[in-house]
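Read from first to last, the chains carry the letters A, B and C; within each, the first residue is number 1.
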Amino acid sequence: MKKYTNIDDIENVPEIIQEAIQLKANPFQFEDLGKHKTLIMLFFNSSLRTRISTEKAAKNLGMDVMVLNVNDAWNLEYEDGTVMSLDTAEHIKEASQVLSQYADIIAVRAFPDLKSKEKDESEFMLNSFIKHTTVPIVSMESATAHPLQALADAITIEELKTKKRPKVVMSWAPHPKALPQAVPNSFVTMMHEMDVHFCITHPKGYDLNPKITKDSTIIYNQEEALKDADFVYVKNWSSYEKYGKILSKDTNWMMTKEKLGNAKFMHCLPVRRNFVVEDAVLDSDQSVVIQGANNRTYSAQIVLKKILENL
Amino acid sequence: MKKYTNIDDIENVPEIIQEAIQLKANPFQFEDLGKHKTLIMLFFNSSLRTRISTEKAAKNLGMDVMVLNVNDAWNLEYEDGTVMSLDTAEHIKEASQVLSQYADIIAVRAFPDLKSKEKDESEFMLNSFIKHTTVPIVSMESATAHPLQALADAITIEELKTKKRPKVVMSWAPHPKALPQAVPNSFVTMMHEMDVHFCITHPKGYDLNPKITKDSTIIYNQEEALKDADFVYVKNWSSYEKYGKILSKDTNWMMTKEKLGNAKFMHCLPVRRNFVVEDAVLDSDQSVVIQGANNRTYSAQIVLKKILENL
Amino acid sequence: MKKYTNIDDIENVPEIIQEAIQLKANPFQFEDLGKHKTLIMLFFNSSLRTRISTEKAAKNLGMDVMVLNVNDAWNLEYEDGTVMSLDTAEHIKEASQVLSQYADIIAVRAFPDLKSKEKDESEFMLNSFIKHTTVPIVSMESATAHPLQALADAITIEELKTKKRPKVVMSWAPHPKALPQAVPNSFVTMMHEMDVHFCITHPKGYDLNPKITKDSTIIYNQEEALKDADFVYVKNWSSYEKYGKILSKDTNWMMTKEKLGNAKFMHCLPVRRNFVVEDAVLDSDQSVVIQGANNRTYSAQIVLKKILENL
């Protein structure tokens, strides 16, 4: 693997899931692989799970890890040809080439600002790093994708499925703040790579980028969509069409125990209780969010392992 | 040891002090014990000594350490049943269970806000972690206790005492800001476990929680209390009765060389010079604050060792 | 080496450069040297390169590293005899002695405030650490010097020179903000230790401290100074005479491809494109800024190695 910024960087999804599950059973098996190798983790946005799980994954492989909150340093310039007389003190060209001197792999988190669809879809921050670094890049969530999360979700489904082709429903939920489409985008993309019966349910106006959803089944009636689900993946996102806007906070879309039926409840966390999902779901055995969060370590670890093997 | 959030988590205080002193003589003796084990240190409040000494203690035992300033991530919700539509983005239930997936031990620092005695005494933050994590918790100072500090103080007294049963005086000092009672609370509790002649001196109105001071001798006349002291432990705290209030900044309570007599001067640091204690004390050989700070490493290390042995 | 806060802490400059180049060829050769040794890195100001390269250098030597952004903790007091009733919560005397308990080497970054020449030249922050710590101090840039940067620059020149005695020109550049003289000061001092033909060019009014420039050739005509240069070191600094002031933002002083001739372009980074230097320079093969940044690791590593060997 040469980088991991999108799911299509994975050559064979079912294979990598199996390898991740094996790694989870024996996390220190490859602790010599990362010896004398450094992972630099760059955060432009705050992080709890991603920070800790990715750092742990790297250390399990014997890597050294350096964490840098970029905002503690200074603002980076991304435009070519700018006269840098204002707020930006360093160009991404220098920053990324310099960091490449100190790191064997660079992981980057950079959220969208949800103001300009064009700008966010250009993935200018992530792509600037990809363009200018001379070492492999791992995305820890970018403007439009969160591939480490989706890989962890795939591992969780694989571990817990009780039939060959389970039904997986991604169900929109209300949220007080406008959130990115990165997590649902990557989840959809990942489901296309798995042997599942997949459908998406959300209020009208919340359709994701059709280039990502492709031929996914989209059902605007939540009850109908959830019928006989084995896994329900709940997530809020802001509108793609009316880009970054909150069109609805309709609490009827909150996930409840009743709606869930016998399905497993999944969520990438953090989750707002009793707004996105009611307590009764999270506090039940059907919730697998903690196991899902644990799998973040192994999704990161299998990715780092694949990249290290290719260095 | 299953956790360390209060001094009564220690089975045998004299024994643990002796073990800590032995550990100090050979800090790397057990560096295999923490191999493949992770300590997550969570800070809700700033820290210098606690951060560095606890991290060092864990690394001396071969542990991996991850430090997280929680305020860099987001606000946690502690109430049950809340509709999380406002400022809190994640419930302690999820946060602590998730962190338990990544850590073998979690250390937490969470100060009181000194506004509601009831709320602070409920130790809602620390107790939420204790309740919801599935790994051992170490307190790096909570609303009402600082047991790692008290254990370090006990080590310092044990190392430096020149008689079997030294006289130890805890003497209140003025301070420009309202400070918690956590340090004096734990110091008092620890002194009850040691073979010392102990008394407390402070202005009227500064009595600590009587459930903690129990039958401690309290003398409102500082001069009388300090007579023939072997160790003087100086510390400010805000009023317990008029909860969190500053009732006095009476500079006569500042510790001076004259008042100190031949005693050793102790303070948990940071200390405000010439307000809490005069330069002449801190700059003399009678001050053992630096040795005391060094013992923070070994109080943390013996605690982590005991917990690791019990995992 | 007992400390590294100024270039004259180096006994033999040409020798240390050669050793650094050897270390670069085999960075993990001495990874047992730092075993059980701790580097504490204290930042009073933000850092990207220095933070990452110094941490990497220490880890290459097998050291443990703890990074502390001091501003996350509390304000330190530097004055003797102060009644600490206001904003400062801890005196440098305690802070530095305490940190000495936890560290084998302490690295400090503390910029000048460029308001009082006298205060900045007193190096009160750095010198307070030197005075009160009981372990070796490494400067990661102080008010008036950046010796790790200058050593990295010396390594870069040594690696790239194609004649025995290359011509090195330090050329002032415009900048939107008032910057310290630390980098140019140390570069000048280092050039005096090397076998180079050295001159400085800057607009009138920008003369550096004459105690530092000593008998350096200073040419106010940039074109004349740059003639036949082998290395051009570009850097902005604020006025030394009219202390901390910006006297000129004359864009004619920006480095261009034309002015550079056949010389190698050096800059300590971060650099503001098209204000300090035009894109055409940075994007050409003549720019050696990335190689220079890489050498920051080896300047730090040779310094830490020398200090570790002397512990």
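The rule is simple: contacts are C-beta pairs under 8 Å (C-beta built on N, C-alpha and C of every residue); 3 or more make two chains touch, one makes a residue touch a chain.
Because the structure is predicted, anything quoted here is derived from the model rather than measured.
S.K.: Take each protein chain as a node, join two nodes whenever their chains touch, and name the resulting shape: line, ring, star, complete or other.
M.R.: complete
S.K.: For the two copies chain A and chain C, what is the rotation angle that overlays their Cα atoms, in steps of 5 degrees?
M.R.: Rotation angle between the two copies comes out at 120 degrees.
S.K.: Looking at where chain B touches chain C, is over half of the residue numbers used by both copies, so same, or under half, so different?
M.R.: different
S.K.: Quick one: report the Å distance separating chain B from chain C, using the average Cα coordinate of each chain.
M.R.: Computed value for the inter-centroid distance: 39 Å.
S.K.: In chain A, what residues contact two or more other chains?
M.R.: Nothing qualifies.
S.K.: What does chain C use to touch chain B in their complex?
M.R.: 36, 38, 40, 64, 66, 68, 72-74, 77, 80-86, 88-91, 93-95, 97-99, 101-102
S.K.: Which chain A residues qualify as touching chain B in the complex?
M.R.: Within the complex, chain A touches chain B at residues 28, 46-49, 51-53, 55-56, 59, 69, 176, 269-275, 279, 282-283, 289-290, 293-294, 297.
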